[in-house]
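Each chain gets a letter, A, B, C and D, in the order it is written, and its residues are counted from 1.
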Amino acid sequence: MTTAQALTPPHSGTRPESKTLGVAMIGYAFMGKAHSNAWRNVASYFDVPAFERKVLVGRDAEGVAAAAAAYGWAGSETDWRAVLDRDDIDIVDICAPGFMHAEIAVAALEAGKHVLVEKPLANTLGEAQAMTEAAQAARAQGVQSMIGFNYRRIPALALARELIAEGRLGSIRHVRAAYLQDWLADPEAPMTWRLRKDRAGSGALGDIASHAIDQVLFLLGDQVTEVSGRTHTFTTHRPGAACLDGALEEVTVDDAAWATLNLASGAIASVEVSRVATGQKNSLKLEIYGEKGALLFDLESLNELGFLDSTVPVREQGFRRILVNEPEHPYLEAWWPQGHVLGWEHSFTHQIRDFLLAIGSGTEPSPSFEEGLAVQQVLSAVEESSAAKSSIIHLTGPPAGNTTLEGA
Amino acid sequence: MTTAQALTPPHSGTRPESKTLGVAMIGYAFMGKAHSNAWRNVASYFDVPAFERKVLVGRDAEGVAAAAAAYGWAGSETDWRAVLDRDDIDIVDICAPGFMHAEIAVAALEAGKHVLVEKPLANTLGEAQAMTEAAQAARAQGVQSMIGFNYRRIPALALARELIAEGRLGSIRHVRAAYLQDWLADPEAPMTWRLRKDRAGSGALGDIASHAIDQVLFLLGDQVTEVSGRTHTFTTHRPGAACLDGALEEVTVDDAAWATLNLASGAIASVEVSRVATGQKNSLKLEIYGEKGALLFDLESLNELGFLDSTVPVREQGFRRILVNEPEHPYLEAWWPQGHVLGWEHSFTHQIRDFLLAIGSGTEPSPSFEEGLAVQQVLSAVEESSAAKSSIIHLTGPPAGNTTLEGA
Amino acid sequence: MTTAQALTPPHSGTRPESKTLGVAMIGYAFMGKAHSNAWRNVASYFDVPAFERKVLVGRDAEGVAAAAAAYGWAGSETDWRAVLDRDDIDIVDICAPGFMHAEIAVAALEAGKHVLVEKPLANTLGEAQAMTEAAQAARAQGVQSMIGFNYRRIPALALARELIAEGRLGSIRHVRAAYLQDWLADPEAPMTWRLRKDRAGSGALGDIASHAIDQVLFLLGDQVTEVSGRTHTFTTHRPGAACLDGALEEVTVDDAAWATLNLASGAIASVEVSRVATGQKNSLKLEIYGEKGALLFDLESLNELGFLDSTVPVREQGFRRILVNEPEHPYLEAWWPQGHVLGWEHSFTHQIRDFLLAIGSGTEPSPSFEEGLAVQQVLSAVEESSAAKSSIIHLTGPPAGNTTLEGA
Amino acid sequence: MTTAQALTPPHSGTRPESKTLGVAMIGYAFMGKAHSNAWRNVASYFDVPAFERKVLVGRDAEGVAAAAAAYGWAGSETDWRAVLDRDDIDIVDICAPGFMHAEIAVAALEAGKHVLVEKPLANTLGEAQAMTEAAQAARAQGVQSMIGFNYRRIPALALARELIAEGRLGSIRHVRAAYLQDWLADPEAPMTWRLRKDRAGSGALGDIASHAIDQVLFLLGDQVTEVSGRTHTFTTHRPGAACLDGALEEVTVDDAAWATLNLASGAIASVEVSRVATGQKNSLKLEIYGEKGALLFDLESLNELGFLDSTVPVREQGFRRILVNEPEHPYLEAWWPQGHVLGWEHSFTHQIRDFLLAIGSGTEPSPSFEEGLAVQQVLSAVEESSAAKSSIIHLTGPPAGNTTLEGA
């Protein structure tokens, strides 16, 4: 998969949108708040197609109405199916929990709505595949879809991809990817739905390894061929949240996961994720080592990119701390003067910008559902390997790159 | 001046506002864009009094109309005086250039509008004094005013103030404050109005030393008693921007400034600011050394605060990098989960929040115009000292603390 | 294995040395130079038993004589066997290549000489076991032995061990250990004996993973129970060094290795090592996450230890950069005032100090050959797992902790 | 003064030394220990003229004999005058307190001994001038002299000078130099001779500002023309060390000092030094901003140099962390492989190497006494300015550059 292919797929039915686009958003929790911020602000900074924030959807009528008012949506609804029937809705932004993604997304696409869905694509591989098929069918009709790997829109990571694509690192050997958090470090932290496999699908693996793996694929423009992995739950029982008698409940998802990934290019990536890495708050760390250079990134310092160019004389080599905050950097021209740094939420604003621009021009937005599925297949292989004493799993069949699934 | 006094002056006429507040903003350049962002978002995160973004004011009818649309203001105007006559306007946010501050602010206060004015308070000490007097008169009528030293609302610096106020650093000896930028490092960079004394008042001194000095006063809750300083222009002539014949124009403001400030507490602060510090993009660096601890801050990494507690055993002492991004930290509960960092613009959102809360409760917002005047007096003393071979200047007369000027 | 057990094994024959100890060193390349520095300086800083630097041994008569003169040894020899016969030699310090360790060490121990041997203990597990048996036999006679895992003597890592042993991190969950270098990043870098399995045993695995794994065991005082791992050679053929016709030779050792280690305590450690990590010069990175705190270390900044104490209020939590350079810190009282930092070579000086003190007092020095063997067993399991598609290998039989091998 | 001039003065009498040089060292406290380390090790790493460590001199016969044995000197003496009479002594290394420098140095030079003297050159400007004159007279006879500004020999700073001399920074505008320590941060720390003006000459000013100022002159190859400065004592009375009745004694030296220096090139340097900067252990921080680039250094991380090259595209600009530890870097070829970092003491070893090489080749070592005097003149001007309300002091008369004093 080359970058050019990823960005301009040959088989997309073109349907540029010129009317004012009506937007519905489903879900108003953490991700709904972050997406709302993006919809509220994107047009103040970027020249995007006209749109209207029509409706916010949630199960609790009172709660969703209050959220709609606070976040700037014109109205609210409790039934997402009813929203799909509305002619004034052109875009559906799905921020509902993962187990609802497939049903809503497939229905929305079939209704001819452009769809943005939060990551991970789905809780199961089967659902993800069904969603991908629906996206392919819709695309032929000019209906676009995208998965919300928002970190691709962090300027420092967008710059990283540019540098790699330009060959500044030469051939890549190693990638070290880690996503470390500590909100479960306390063994007395209570049970939540996020720790139940039936609701959450998995633990750190689906939640944060998905980001780390997507970055590996995004930055290198590569595919995974083999996976060895393992998952582990350090705290297997936690106090039930609502439980007056103090009974412990079983944690059925992983606290942490480890994997090594063979990539088609010959590079090897290690991935390590944890929710019990004390002191690490939200640290997606990426290290990329190539023949000619290297890159470093940490999400806790997301305005910075470390870059070492090993083609300059040894005497003056060193990792540069690039403050990715110049007009020359991706997305930055729209914001503030140099050195006036951005925050985490800006990645969502950039994501909406790119989604809207793709819809406006009738081109396929990236990352596609196929790209989301590729991540899902790796997550699934990690679980499979973990169950098989970490033995290497070969990813077989047509590889799940975003331009190669059409024959599947 | 104690913190308590600064926050609750005894002589303010109380006029809590309960109606929906109409807001007018004057100016739509860099600061207008940043303030608009704050007004557009503040109510999505914080529980503030109701307000409406009524009108944006600028000289160019077409430009201001486009900006109003993009930034989310209901309408636009070209005459700020006309806006002051409107009954539906309760708040005037002044983002116009410094030389216009005094005229607009005084008129707005006299018209009974609450006023927020960007820093520095004014281009001249005389104007600043007139504004302060107007603010005092208005305050007696319950009309509030505030100067936009937005960096006080960066969570890391708000935390720094808390720690100092709690005595965690003990008695403070040294402060090292620097504000370093490099946008004039290239001697071929063209002339602009910002480099003309008649328009800009001063150079790095008024623009960025004002922030550094305000932080010294804010963090320590202290007053300046003596100043030695100097200013310097490294590049004295620059190519005229519109000048086809290549004629050079004279730069009449400073590129850089240095000062040492004696504080009433006995502490000494050094201040160094520059627009030619190559590689430093927007680096307000603060170092505060006390008997029991120390603090470090850099605006380019504004989510972090360095804190050393010298009361713990020597064996385990060290500067902590606190990622000021927990619900326990100032302003953070409203935003994202831990480790999801904020950007530069959030300081303005917090500023509007605090301004609105003060208006809503009828209490005096801080920093007051008196606090802005205190900074202005230090800037003026630096210029005076610079003209007198850096000799120490004593700040005489009633000190310009915000609670002590009433007799002036 | 507890710390106390490791330091005071119950079964060592006590033979405190009171005479001036004669020292012979075998090998004068990189490690010989570093050990010579330690022998030359240790008595200027530490109160150690009297010793004399008698003889340096190497194969090339002229070369070793010149090295002896430069490094401060009284004489030189070409036959290590002859040196073992000398009555005036009490200590043999083996810096010869790994494939010679077993033969020399066993002979020296049988000759009643105290032995210090560079890591790794040997190139093969069989040799390592033979050496360990010889060390056990000698120990019963009061003859001491030690393996040169010098990084245990870096003050910051010695402090890390203290903090962990004191329970400051609580129960440990995760360890992330990486040792990254880049001296083979250039695919045109020529072939050397270090890249031939028959001479070097292995590549990055034996050379630097051994250090990383020893640190995991040392810092946690723990044992490995299961291993999944893999090794990889990115550049499989390199130009022969002396080869005028440009023929490529095969690289038969690994460039990089990855492993996850289950520890007896329930902790899981990831290990990643590389010689092609562009821009990383000599970076042994350690991250240790416990229930109550965390530690960070990087060998490139070896005077610093990062420490996060999660028992302090969240508001003031953060990784401290402890400059491990105070008289209160391990080994530091002997050196310079606070903040006058040490270098890499000091770890060897501390190692000789501890070795001499143990000999002087007739106690067993640590790390023992058993501890070296434990590391070797893990390295061997990584290779075994790598050959078996990364499947988990159980370390069976009596665990190779240093106090438990006696029954083996 | 150009770099070339500084390194090859035209007027030195050439007397290359080819015999084995006898060395005497006077003083065996902190600096004596550091210099001894250098003499003990220099020949193991560098190809220097042959020398013998003949005699260590100190007032206490028993103490100096023990130190000589520990540090590796052949003998000891209590009378420095007697040592000057010895024919077998060719070099005198003066590590005695500052108030003794002039007397010993002048006598040694007159006795035809090459002299290395610790910084600062002397406690008074008059003594420094007398020493400089003696050095000039001796130089004409081929007798060399040098002042021990050892930080010039830190590889990172030597590299910094190279980069500046090569024009990589272009014309320099700003220098920010600070030397921060905290060993007097505790107001209860007892009185010592170092806090008495009659013994120590000054406080932080002479002790550490001297290093900072020397670096400014060394790195830029420049001269100071004007000085504004101030000194301050935060803790004016301290408990007498031996004082059973608890009486306080007066501190008669400065705790901290600040200065701005105009340089002949048009650059301006700020200097700030303190012994009460809590948490800063031994932090000499240097920031150098030029038209084309910038450099950063911190003595607490002395293996690193920050370098920003503003001639590369803005998109990839950033401060590089150069680990100054490659064979390509100054002094490094003699030591360990890349990434095996050096410590503080190595700067002294390099200093002795350069001193010996100069003596061996009959060329003038740098920094000369003239260069030491130039620093002294700046220190003196800071005190003069401090006494005159920080007014700017012009450094008049023939500037004290090392090649221009001959006419004085």
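The rule we apply is simple: a residue touches a chain if its C-beta (ideal position, glycine included) is under 8 Å from a C-beta of that chain, and two chains touch if they have at least 3 such contacts.
Just so you know, these numbers come straight off a predicted model, no measurement behind them.
The greater number of contacting C-beta pairs, out of the two interfaces B-C and A-C, is seen for A-C.
In a homomeric contact, the two copies may use the same or different surfaces; for chain C and chain D, over half of the interface residue numbers are shared, pointing to the same surface. Rounded to whole angstrom units, the spacing between the C-alpha centres of chain A and chain C is 42. For the pair chain C and chain D, the distance between C-alpha centroids works out to 37 Å.
Chain B and chain C have CA centres that are 55 Å apart. Residues of chain D found to touch two or more other chains are 280, 308, 317-319, 323, 326. Listed in rising order, the residues of chain B touching chain A in the complex are 30, 34, 36-37, 40-41, 43-44, 70-72, 181, 183, 280-283, 299-303, 323, 325-326, 336-346. Contact residues on chain A toward chain C in their complex (touch as defined above): 169, 173-174, 176, 178, 182, 185-187, 228, 230, 232, 234, 256, 258, 260, 266, 268, 270, 272, 274, 276-280, 287, 289-294, 308, 310, 317-319, 385, 388-392. Within the complex formed with chain C, the chain B residues making contact are 159, 163, 305, 307-309, 313-323, 326, 328-329.
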